[in-house]
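Shared chain: subunit A. Partners: subunit B in the first complex, subunit C in the second.
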Partner chain A sequence: MTQPAISVKDLSYSYGDNLAVDGIAFDVAAGEVIGFLGPNGAGKSTVVKILTGQLTPLKGTAVLLGLDIVKERKQVQHQIGISFEDTNLYEQMSAVENLDLFAKLYKVENFDAMSLLEKVGLAGREKERVASYSKGMKQRLMVARAMVSDPKMLFLDEPTDGLDPVSTQTIHALIRGATQRGTTVFLTTHDMVEADKLSNRVAFINQGKIVALDTPARLKQRFGLRALKVEVELPHGETAIREVTLDEEQTAQAVFDLFRNERIVTVHSEEATLEDIFFDITGRGLQG
Partner chain B sequence: MIGALVVKDMKLFFRNRFFAVVTVLGLVAYLIIYFLMPSQVDESLGMAFFLENPESSSLYEALTDEPDAYVFDSEAEMLTAMEETNDFFVGLSIPEESAAAIAKGEEVTLNAYYAPGVPAEAKQIFHDVLVMIANAANPEMLANFDRFQETEIVLGNDMSRAPLSMRDRFVPLLLMAIVIMEVFGLATLLTRDVENGTARALITGPLRLHQFFIAKVLIGMILAFGQLLILITIMGRLGTAPLLLLTTSLLGGFLMVGTAFLIAAISKDNMSVLAWGVVSFILYFIPGLSIMLPGLSTGWMEVIPSFFFVDSLHRILNFEAGWADVNRNLAMLFALGIGTLAIGSAVLRRRF
Partner chain C sequence: MDMQRIWILLGKEARLGATNFMGIYVLVMPVIISLLIALVFGDLLAQTPRLGVFDAGGNERFLQPLIDHPSMNTTVYNSDAALQADVTRGAAEVGLSLPVGFSEALESGSEDVEFTTYRWGEAGTRSLMLLESTLARALAEGSVGRGFEELPVSVNAEQLGSANTATWSQRLLPLILIMAIMLGGLFIPAFSLIEERQKRTLVAVTTTPTSLLDVYLSKALLGFLLSGIMSVIILLLNRAFAGQLGLLLVVIALGALMSSVIGIILGSVAKDMDTFMGIIKALGIVLYAPGILRIFPQAPEWIGRLFPTYYVMNPLLEVSQNGARFADIVVDIAVLAAIIAALLFILSRVIGHQQQQLALGG
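Let's look at the complex of A and B:
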């Protein structure tokens, strides 16, 4: 069996008396995109900080790319790229200067800042000071900076939080491009649509614990309730909604009866979202 | 890696308009002030005299031999000159009969016109000079003084022959002022890196924390030492014990770097850097001021870290002091630099 890119066992961390991460364990395969979903304060960013060597765990181990993050922190940090939740760019420098600085720190030979900036849609404004950039542009530059060394593993902490659709799409394209090159991506977000679209697997984290971890499809299958919503026309021209729950023994008969006996106006299929499932499991929403 | 950070910090420093302008204008302004300050000490005490019928008076020759004395043709002319110029602190009118009495060694009473605000010491000096002039005009009386002879022994440098000009006294304060401006600059660079999270972005890559700090020390030293070197060179003072002067400048720059770390450690943003910077600016200025105005100097000044810097500069530049004279100061500068740097970086690393 191939070695997982990330292997976490019994990981815990607390801020004073507040246990932020409570004995979590999971593996991530190389080239996989794992989405860490949870509301604010659930422990997502703390897990990222531990895995990137910014915090030392209270107990447990985390092995990334075969290296222990506590004992071999610098070797790990040399092979990963991080896009932080808060923008932390040198705003008085240009995009090119920001990228060139990190390329020098990572000792990247023949670094081509322009080709990376083209990928994030910042070509043409590469010489402007970052201070003049919009939030979306800064976020795209943050992701580009994380990719300067073409890392084996990317940590993206809320990379599209509050961004416009264009910036979000650009970042999604970058993530897909990275995974096609075999990069493992650790994505924390509270945007379930984003996690659903990008992640091979998603982990629900709540109050420092992983409460579910699987592919989005299997989670929906396991926890969600799929249904058909059928709009029918009543005798006096009014309409009504009939709902047929799928995946049940009598589903086929119910659909047959509906189509034979009623005058159908529209038919919609409906499946549970990750947010619905998260709510079902934890009793709280992702935005909370 | 450290080189890349130093280049980056240099760019950021000079892209901050405030620091760029203050650094360049500061250098120019301090140099202008330096060269405008008097380079020599004017210790002459001008004395005005009116001597009635000078040709017949033995006093005339004695008066014209006195370098600070000027003999006018009339009493009115003398008084006008006293009022219109500040060249004379006293004027003395000597009528013909008084001059004759002086020549005979008799007691006389004369009117002495003093400029406003002349201190009692100056009046006493004038009285003594008058006695000397009278004695010179009367060789018989002078013979009494010839019985006394003395050998002068001056402890240390004889400053009466080469008194320190205001410009010389100003140099340590000026050098102090230019480097302390860099405290603001370096503390701001540090605080911004910590508060904006850019320091975190750097050290979660291959860069190690100590490399980050070394880069900051280097940029601080380049800015502080570089400006000291420029100023000292343009002022033409580098010829005075160059190695000792450069060592003192390096250690002074090092103290400023440590101070900047300390300020950054207790500051949350640019405003608090400014507030703490002003406090340290005032504190560090005091020892330099006491050199310009020696009457201010007191023993407690030695607890101010900058004392060891300005005192060393003062001794080296103005009294030709050697290594043995300032080694204690240099050791203190090094220890204080290390101490402030250690405390500052220990606090800062907890905020990353």
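Let's look at the complex of A and C:
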């Protein structure tokens, strides 16, 4: 059996009396994109901080790429790249200088900053001070910085939070490119559309616990109710929407009755979003 | 610890420090103050020792080599009173009043000759040493074939002006020296560390294979180098880079180490720049007190000994100005080494706590 890229067992962490991570356990396969979804304060960033060696867990173990994050922290950090939630670039330096500095710290040989900057759409402005960059440009540079060592594992903490669609698309393309090269991606976000698009599996974290972990499709299948939305024409030319819930015993009969008795204008299928499912499971929204 | 990474980070520190206002400030400030003091109190425009001579008659052969000497400014006066007046106000640091036939008597050695020297009370040690040794040489050369102990001369030495008083340049030198050591060594690492913590770049660096110790060492190394270089520059500017060079450099290195370790500790514990500046305001008097006390020569020496920077300042001045040897300053060096050891112990505890604090946003 192939060794998982991340193997977490009974992991806990608390800030004083506040239990931020409560005995979570999960495995991530090599090359997989796992989306960690949860509202602010759910424990997502704490998990990232533990897995990247910034915090020492109170209890439990985390093994990344076969290495224990507590006992072999620096060896793990040599093989991972991190894009932080808050911008933390050297703003008095240029983009090239930022990337070159980190490449040297990772001891990357023959590092080509320009090719990476081209990928994130910053070529042409590579010599400007980062302080003059927009938020989107800084965020793209953060993701590029996480990739300077061509890491086996990427941690991306809210990589597209508050970004314009162009920057978001660029970052999504980078993530897809990384996964095609076999990089494992640990993505924390509260953007369910992003998680749905990019993740092989998503984990819902709430109050420090993982309350669900599966592929988006299976989660929707398990927790969400699919429906048909049918627009029908009424006698005086008006229209109305009829909704038929799928996957139920009486669904077939309901669809048959609808098509026999009504004049159909349009038919749309609708499935639950990850946010709907999260709400169903936890009783709270992802923005809360 | 990884020397390659420390070197890379040191380069980054130097690159950012060179464009940083605080970096420029701490480098330029002691130099400007030093130059201003030299300008105001006259040393800058009168760097050459000043000798005044009154010749009562017939001493040209003795006098000419002194006039021609490239390392002194020699002024010939036409009366003893004029010579005394200029020595009293410091226009000449040493005055030489030669009686009639002094030169001839010195050459023949036939009779014991007498002459008078005047010495300005505030003359600098370096000037006095140069002037007096030149005179001694001139006397020996004028009295061919004799050793110093056989010279047929007796000297009436008179001190003019305020006696036993250091010049203002000498009084202020200790304070400027402390500023040079502390500004470069303490401020640069502390500011850099606080800024990196606040902007969270420290977290970005320490989540690479680079350790927190590597980061701290790179910052401490920059502070150490700046502090050492600034100390040497200030001593050179004040013409006090003298004495046993090796010993002087050892004391400078220990002082630079102390200030950079204090800088790293303060940079780690201060929550932000405002807190740091508050600490510095409170701590400033402790750091600068030995230098301030030296401005007032009547202040008891023991008060200065209560402050840690005394153990950098005093040995530096003893070596550079009084020609002290290691045995003369061994107690100060031992105390300084103990202070540094205590600071390193505190630093090791600080590093232990810092990693978790960084993750928590501290």
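Assume the second predicted complex is superposed on the first by the 288 of 288 C-alpha atoms of A that agree within 3 Å, B and C clash if a C-alpha of one lies under 4 Å from a C-alpha of the other, contacts with A are read in each partner's own complex, and residues count from 1 in each chain.
Assume a contact is a pair of C-beta atoms (placed from the backbone, for glycine too) under 8 Å apart; a residue touches a chain by one contact, two chains touch by 3 or more.
Predicted model only: the values in this text are computed from it and were never measured.
Peer 1: Clash or fit: subunit B against subunit C, after overlaying the two structures on subunit A?
Peer 2: clash
Peer 1: I'd like to know which partner A:Gln92 touches here: subunit B for first, subunit C for second, both or neither.
Peer 2: In the superposition, A:Gln92 touches subunit B and subunit C alike.
Peer 1: Once the shared chain is lined up, is A:Phe84 touching subunit B (first), subunit C (second), both, or neither of them?
Peer 2: both
Peer 1: Touch test for A:Leu101: subunit B only (first), subunit C only (second), both, or neither?
Peer 2: A:Leu101: touches subunit B and subunit C.
Peer 1: With the two complexes superposed on chain A, say which partner A:Tyr133 touches: subunit B (first), subunit C (second), both, or neither.
Peer 2: The answer is neither, since A:Tyr133 touches no partner chain.
Peer 1: Applying the document's definition of touch, where does A:Tyr15 land relative to subunit B and subunit C: first, second, both, or neither?
Peer 2: second
Peer 1: If we overlay the two complexes on their shared chain A, which of subunit B and subunit C does A:Leu55 touch? Say first, second, both or neither.
Peer 2: So A:Leu55 only meets subunit C here.
Peer 1: Applying the stated clash rule to the superposed structures, which of 62-70, 98-106 or 278-286 from subunit C runs into subunit B?
Peer 2: 278-286
Peer 1: Where on subunit A do the contacts with subunit B and the contacts with subunit C coincide?
Peer 2: 52-54, 74, 77-78, 82, 84, 86, 88-93, 97, 101-102, 104-107, 145
Peer 1: What residues on subunit A touch subunit C, complex-wise?
Peer 2: For this pair, the touching residues of subunit A are 15, 49, 52-56, 74, 77-78, 82, 84, 86, 88-93, 97, 101-102, 104-107, 145.
Peer 1: If we count contacts the way the header does, which residues on subunit A are in touch with subunit B in the complex?
Peer 2: So the residues of subunit A touching subunit B come out as 52-54, 74, 77-78, 82, 84, 86-93, 97, 101-102, 104-107, 145.
Peer 1: If we count contacts the way the header does, which residues on subunit C are in touch with subunit A in the complex?
Peer 2: Residues in contact with subunit A: 4-5, 8-9, 12, 15-16, 19-20, 199-201, 203-205, 207-211, 355-356, 358-360.
Peer 1: Help me check something: in the complex, which residues belonging to subunit B touch subunit A?
Peer 2: Within the complex, subunit B touches subunit A at residues 1, 4-5, 8, 11-12, 15-16, 196-198, 200-202, 204-208.
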